[in-house]
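Note that the chains are named A, B, C, D and E in the order they appear, and that numbering of residues resets to 1 at the start of each chain.
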Amino acid sequence: MTQLVLLLLFDAVLLITLLGLALAAVLSPEPRRAVMLFIAFGLWLALVWARLHAPDVALAEAAIGAGLGGALMLAAARRAARARRQDAEAEP
Amino acid sequence: MTDPTFATRPDPARAAERDRDLKLLLAVLLALLGVTMTAIYALALNAGAAPRLADLALARVPQTGVDNPVTAVLLNYRAYDTLMELAVLLAALLGIWSLGPAPAGFQRSGPVLAGMVSWVVPLLIVAGGYMLWVGGYAPGGAFQAGALLGAAGVIVRLAGDPQAGLPGEAAQRWLLVLGVLVFTLVGLGLMLFGAGFLTYPPKLAKWLILLIESAATLAIGVALAAAYVGGRPTATSPLDPRPSAQPK
Amino acid sequence: MTAQLLYGGAGLMLFVLGIWSFLVHEPLLRKVIALNITGAGVFHVLIAVAYRGDAAPPDPVPHALVLTGIVVAVSATALALILGARLQDSDDDA
Amino acid sequence: MSWDAIDSLLPVAIVLSSLLPGVFIFLVDEENHLLRTVLNLLGAVLKLALVGLLIWGVWLGQPIETRIDIAPGLTLVLSADALSVLFVTLSSVLWLITTVYAIGYLEHSPNRSRFFGFFSLCVSATVGIALAGNLITFVIFYELLTLATYPLVAHRGTPEATRGANIYLAYTLSGGLLLLVGAVWLRTLIGPVDFTVGGVLSGLPASMHGQLVAIFALLLAGLGVKAALVPLHGWLPQSMVAPAPVSSLLHAVAVVKAGAFGIVRVVYDVYGVELAYQLGLLGALGLLASFTIVYGSVMALAQDGLKARLAYSTVSQVSYIALGASLLGPVATIGGMVHLVHQGIMKITLFFCAGNYAETLGVHKVSQMDGVGRRMPLTTLAFTVGALGMIGIPPIAGFVSKWYLGLGGVTSGQYWVLLVLAASTLLNAGYFLPILYRAWFRPAPAEWPKEHHFGTRFETMGALLWPPVVTAVLCLLAGLLASAPFSPLEWAQLIAEREYGL
Amino acid sequence: MPEPAMTAPLVLCIVLPLLGALFATALPGRAVAVGIVTALVTAAAAVALTLAVWEQGTLHLVLGGWEPALAIALRADGIATALVLMANLVALGISVYASGYFQDAIRIRSFWPLWLLLWAALNGLFLAGDLFNLYVMLELLGISAAALGALTGNREAIAANLRYLLVGLLGSITYLLGVAFLYTAHGSLDIGILAAAIAANEQLFAVDAAAMTLMISGLALKAALFPLHFWLPPAHANAPAPVSAALSALVVKAAFYLILRLWLDVFAPVTGMAAAMLLALLGSAAVLWGSWRALRAARLKLLAAYSTVAQIGYLFLFLPLLVATPEGPARDNLLAALLLMAVTHGFAKAGFFLAAGLVQTNAGHDRIDELGGTAQRLPATTFAIALAGSALIGLPPSGSFIGKWLLMQQAIATGQWWWVVVILAGTALAAAYVFRVLSRAFGLEPTPLRFITDPRAEVPALVLALVSVAVLGLASGPLWTLLGLSGADA
C-alpha cells in the first residue's frame, strides 16, 4: 500500500515538473530562454515516457523532438535575437 | 503572423487591458475544456475495449521478422504509415529548399567545439549504426539512428562547416529520396511477385526490413542535417565523393 | 488505470496549454513551441493509453503512432521556422 | 432510318443546328468572313428545313420528343406540340432573316466571331425554350438565353453598353432565380412537371391551392421580367444600346417572347386555364397585362429616340399575349397566340428599319425623321406597314390579333378588354402616325446627320434593305391570308382547339 | 484476399505520384519530363480505379496481409472514387498548364517534386481507410501545400502560407486527439471496425461525440469553414496560379471529404440534427460572407479564393437535409447532388484559377478594374472564366445547377425552406461577382484575331471549365451509378 502511494507520489512529481516546464516554456517571452525550457521539457517528457515503458519513443523524443527540434528552434531564436539587436541599433 | 482576432487597436492602455481579459477568458474556457475532456477520457478508459490492439500486436510479433514490437508495428503492420511519414520529411525539406539557399549569418564556433567534433561525430555515427541494428530486438531503430546521424550533421555545422558535412547537391538529392525509394520499390516488388503491396513473406521479412531501415536511416539523417542547414545546398559540385556526415 | 488516467489527464492539460499559448502569443517561435507542446500533449495521451501497468508489456501500436507523429512534428517545425526566417529576411530588405 | 428515330432526334437536331455552328464560329479567325458567313447561313437554312419537317410531323399528329436524362429524375425533354411549332417557326424564320441583316450590319465592325457565336447560341436557347417539354427544360434554356444575350447587349463595348447589359442581367437573373424557386417548389409537390395540354395540377387537393398561388406568383415574376410586364420592364429601354440586329431579335423573337411564351405555357399547360381561373390567377394576370399595355403606350408617346419609342411599344404589345392568356375562352386564346407571331414580324420590321435609318443616314431620333420617306422609300414603306399593323389597321397582321382579342373579351363577358384595346389603339396611333407624317410629308433636311453611301443602286446596302421588306410582306400576308392553311391564325386556332379540347 | 490485379490501381494511384516525386527530386534537370509522365500514368491509374469500382463496387485492400485491425486498409467506394477521378483529371490539367507556366529553373525544380507529393497525398487521403493514416496524409498534404503556396517567394505569399501551415498543424493535431480518444474507447483505427464499434456501444456516446467534435473542428479549420476561413484567401490568392488551382479545387475539398466520410461512415450513430444545423449555419455564413467578400475583392485571384470559401459553405448545407431525409431515393439524390457540387466546383475552380493566372501573366497584374484590354486579348481565357463562372454561380447547364436544384428540392420537401433563401442570396451574389469580371471583357479594345493563342496554357483551363459545365451539367447520371445509388425519381 505504501509502495503504491509512493509510486503515485513519484508519478505526481514527474507530471507536475513536466507541466511546470511546459508552462514556463510557454510563458517565457525571451526566445532563447523559451527554447531552452522547451528542450528541458522535451527531455523530461522522454524521461516520463521511459517511466511508462516506452523506451523507443522516449529515445526518439529525446533525439528528434527535443534534440533536433530544439536545435532548429535555437537557430531561430538566435536569428530573432540578432534581428532585435539590429532594430535596437537602428533606433537608439 | 497577425491573427485577425488580435489585430492592433487604437487606445493602447484599454487595448492592453482588454487583451488581458481576453487571454484570461480564453484560459478559463480552455481549462474547462481540459477538465471536460479528462472526464470523457476517463469514461473511455473505463468503458473502453481494454486490451485494444496490444495483445494481437504482441502475439503476431514472431511472424514479423523483428523482435521489437514497436519496430514490428512501424515497419510491418503499419509500414505504409512509415513510408508516408518519410515522404512528409522529404516534403518539408523540399519546402525548405524551395525557399532559397541557406540564410546568411552563419557563425563559426569556438575551438572547444571544433576539438569535440573529431571524437563526437564518429561516435555518433557508430552509435547510429548500432541503434539501427539493435532496433530489430531492442529499443531503437531507423528513426533514432537517423536522428543520431542528423545530430552529427548539426555538430559539424556548429563546428564550422556551413554544409554540415553533407555531400554535393546531386548526391544529397539521391540520399534524400533513398528511404522512400527503397521502401516503395520493395513494396511494389512484393506486389509484382503476388504478395501484395508491402506484404513481406515471413522468411524475407527480417532482411527486407533491415534493407528499408538502412536506407531510411541514411535518408533521415541527411534530411535532418539538411533541414538544420536551412536552405538549398550552395556548393554545387555535382558528384561530391565525400561520405555523409564526415567532418572536413 | 490510475496511472493511465493521471498521465492522460496531464497530456490533455498540455494540449489545452499549447492551444492557449498558440492563440494568445504573437511571435512565430512562441507559436511553434506552443504547437509542439500541443502535439506532445496528444502523444502523451497515446503513450498513457498504451501503458498497461508495470507487469504487462505496453501496447506497441500507440508507441509507433507517436514515433511517426514526432517525425512529422519536427518536419513541420523545420519548415515553419525557415518560412519565418525568410519572412524576416524580406522584412530586413524592405 | 425509321420515322420513330427521326421523330425522337428532330427536336434536339433543331437545337443543335444553331448551337454547333455557334460553337465553331467562336473558333473562326476574325478575318475569315467567308467561313463565318457560310456557317451562319448553313445553320439558319438547315434549321428552317428541319422545322419544316417538324411542322409536317405535328400536323400529322405524330409524337415528336427527345428525352435526355441529365441526372436521375431530371430529364431534359424536347418535344413538339402545336404551340411550340408556332414559336419555333417564328424563331427560325426570323433568325434566317436577321442573320442576313446582321451580316450586312456588322461584317465590318469589330469582334464578329464573338458576336455571331453568341447570336447563334441565343437562337439555340430560344428554340430550346420553344421545344421545352417540361418545366426544368424550360428553366435551363431560359437561363441560357439570359447568358447568351448578355454579350450581345454589351457588344458595343461602350460604358453605356456595359451598363445596359449589367442592368439587363440584374433583372433577368433575379427573375431567373424566382422562376427557379417556383419550378423547384412545384416539382417537390407533384414530381416532374411535364407540359400537358389542359394542365397537370387540376387533381391536387384544395389544401394545396395556397401553395399553388404562391408558386404562380414566383413563376410569373420570373417570366414577367423577360416579358417586360410592368413593373419588371426596367431593363428593356436600357438595353436599347445593343446593335440593331440584337434589338430586333431581343424585342421580336428571343427575350420578350420567351417570357410571354412561358406565361402561356404556365397558364395552359401547367396550371390549366380552368384551374388558373378558379384560383383567381387569370384576373390578376389580366389586370397586370392591361396596365402594362396602357403604361407602355403612354411612355412610348413621350420618347424622342426612335428605338426607345419602339422599346416602350414592345412593353405594351407583348402584354397582348399575356392578356389573351388571361381571358377564359378559346377566342381570346387565339388572339393571344396569333399575336405572338404577328407582334414578332411587325416589331422586327420596325427595328430593322430603325437600324437602316441609323446606319444609312445617322438618324436616331423621331425629330430627325423629316423626309426620310423620300430618301429611303422602300425602308419607309416597310416601316409604314409595320406601324399601321401595330395600330391595328386591316388588312395587316396586327388587326387580326386585336380582333380576336376583342372578340375574346366579349365572349368571356369581360367588356373592359375592349376599353383597353381602344385606349391602346389610340395611343398606338398617337405615337406612330406622327412618325409616318414626318417621314412622308415633311421636307428632307439639307444634310443628314451622318450619311453613308454603300455604292448600290438602292437606298442602302442590300443585306440591310431586303430583310425589312421581306418581313413587311410577311405582315401583309399574315393578315391577308389569315385563313389559309398553315397561317399563324390557323395554328393559333389549332392550339386553342387542343387546349380547350374542342 | 482479393485478386491483386484488381486492387492494383488502389495502390498505384498513391505510389505512382510518390515515385514521380522521388525521381523529380533526384533528377532536377528532368523534372518537367518526369512530372508530365507521372501525371499521365497517375491519371490513367485513376481511370483504371474508376473502371474497377464501376464494375465491382467498393474495393478494399488490407496492406501487409495482417488482420484488418492490425493493418492499414485502403478502400475505394463510390464517393472516394468520384473525388479521386475528379482530382486526378484536374491535376492532369494543372500539370499540363504548369509545364509551361514556370520559367526559371529553380522554380521548376522546386515545383514538380512538391506537386507530385501533394498529388500522392491527395490520392492517399481519398483512399485511406485508417484514421491515423489519414493524419499522416493530412500532414503530407498540408506541408506540401504550404511549401507550394510560398513558391512565388514574395512577402505576402510567405506570410500567408506560414499562417496556413500553422493553422493546418493546429487542425491536424486536434484531429489526432479525436483519433486518440477513439482508439482509447474502441481499440481500433480502422474506419470500418470503428463504425461497427461505435454503432454497438451506446454507452460510449459521450466519448464518440467528443471525438467527433475534435476531429470535425480540426478538419473544419483545414476546410476553411466560416469563421475558420481567415487563412484561406491570402494563401490561395498569392500562390502561383497552378498551385492556387490545386489548393482551392482539391486540397480544401480533401478536408471536406474527410468530414463527410466521418459524418456518414464513422459517426453515423452519433450525428444529430443539432450538430448538422450548427455546421449548416456556419456554411450559410460562409456562403454569404464569402460571396460578399468576393464581390468586394479588388483582385481576380482574391475573388476566386473568397468564392472558394462560399462554395465550401454550400456543401455543409446538405448535412441537416441528410439527417432529415430517410433512406431512399430522395436521400440518394441528395448525396449524389452533394458530390456533384463538390466535383463541379473542383473542375470549375481549377479552370478559373488557371485562366486567372494567364490573365495575370498577360497583364502583369490581376486588378479587376484594370483588366479590360487583357480580357479582350485572350478570348479563350475569358471564355474559360465565363464557363467556370457559370458553374460557380450554378447556372444551367452545369453540375452545380443540378446540385442546387436537388438541394433546394429537398430543402423544400423537408420543410427547411430557409436554406433556399441562403442559396438564392448566394447565387445572386455569385452572379454579381462573376459578371463583375466578365463585364470587363467588353471594351473598345482591338479585336483579337484568333481564339486560342497559347494552347498549352489555355486548353487545360478551357477543358476543365467546360467539363464543369457541359459534361457534369448534361450527363451526371454516371455519378449516381458510380456511387451505387439508385436515385430513381424522387
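Just a few scattered comments:
To be clear about the criterion, a residue touches a chain if its C-beta (ideal position, glycine included) is under 8 Å from a C-beta of that chain, and two chains touch if they have at least 3 such contacts.
Please read these numbers as outputs of a predicted model, since none were measured by experiment.
Steps from subunit A to subunit C, minimised over paths through touching chains, total 1.
The minimal number of chain-to-chain contact steps leading from subunit C to subunit D is 2.
Greatest Cα centroid separation from subunit D: this falls to A. Nearest to the overall CA centre, using the mean of each chain's CA atoms, is chain E. Looking at which two chains touch through the most C-beta pairs, you get B-E. Centre-to-centre, using mean CA coordinates, subunit B is 29 Å away from subunit E.
Subunit B and subunit D have centres, each the mean of its CA atoms, that are 71 Å apart. Averaging C-alpha coordinates per chain places the centre of subunit A 38 Å away from that of subunit E. Per-chain CA centroids place subunit B at a distance of 14 Å from subunit C.
Residue positions of subunit B touching 2 or more other chains: 1, 37, 41, 45, 51-53, 57, 70, 77-78, 81, 85, 88, 91-92, 95, 99-100, 103, 143, 224, 227-228, 230. With touch defined as above, residues shared between interfaces to two or more other chains in subunit C number as follows: 8, 13, 15, 17, 19-20, 27-28, 31-32, 45, 49-50, 57-58, 61, 63, 65, 67-68, 70-72, 74-76, 78-79, 83-86.
Counting only residues that touch two or more partner chains, subunit E has 70, 132, 136, 139, 143, 146-147, 150, 153, 158-159, 162, 166, 177, 183-184. Across the assembly, chains come into contact as A-B, A-C, B-C, B-E, C-E, D-E.
Across the complex, subunit A is touched by residues 2-3, 6-7, 10, 13-14, 17-18, 20-21, 25, 27-30, 32-34, 36-37, 40, 43-44, 47-48, 50-51, 54, 57-58, 63, 66-67, 70-71, 73-74, 77-78, 81, 84-85, 88, 92 of subunit C.
Taken in their complex, subunit B has these residues touching subunit C: 1-3, 5-6, 22-23, 26-27, 30-31, 33-34, 37-38, 41-42, 45-46, 51-54, 57-58, 69-70, 72-74, 77-78, 81-82, 85, 88-89, 91-93, 95-96, 99-100, 103, 143, 220, 224, 227-228, 230-231.
Interface of subunit E with subunit D (complex): residues 329, 333, 336, 340, 379, 383, 390, 395-397, 401-402, 405-406, 408-409, 412-413, 420, 424, 427-428, 431, 435, 438-439, 442-452, 473-477, 480, 485-490. In the complex of the two chains, the subunit B residues touching subunit A come out as 68, 70-71, 103, 105, 131, 139-141, 143-144, 147-148, 150-151, 154, 224, 227-228, 230. Residue ranges of subunit B in contact with subunit E, taken from their complex: 1, 4, 36-37, 40-41, 43-45, 47-53, 56-57, 60, 76-81, 84-85, 87-88, 90-92, 94-95, 97-100, 173-174, 176-177, 180-181, 184, 187-188, 191, 194-200.
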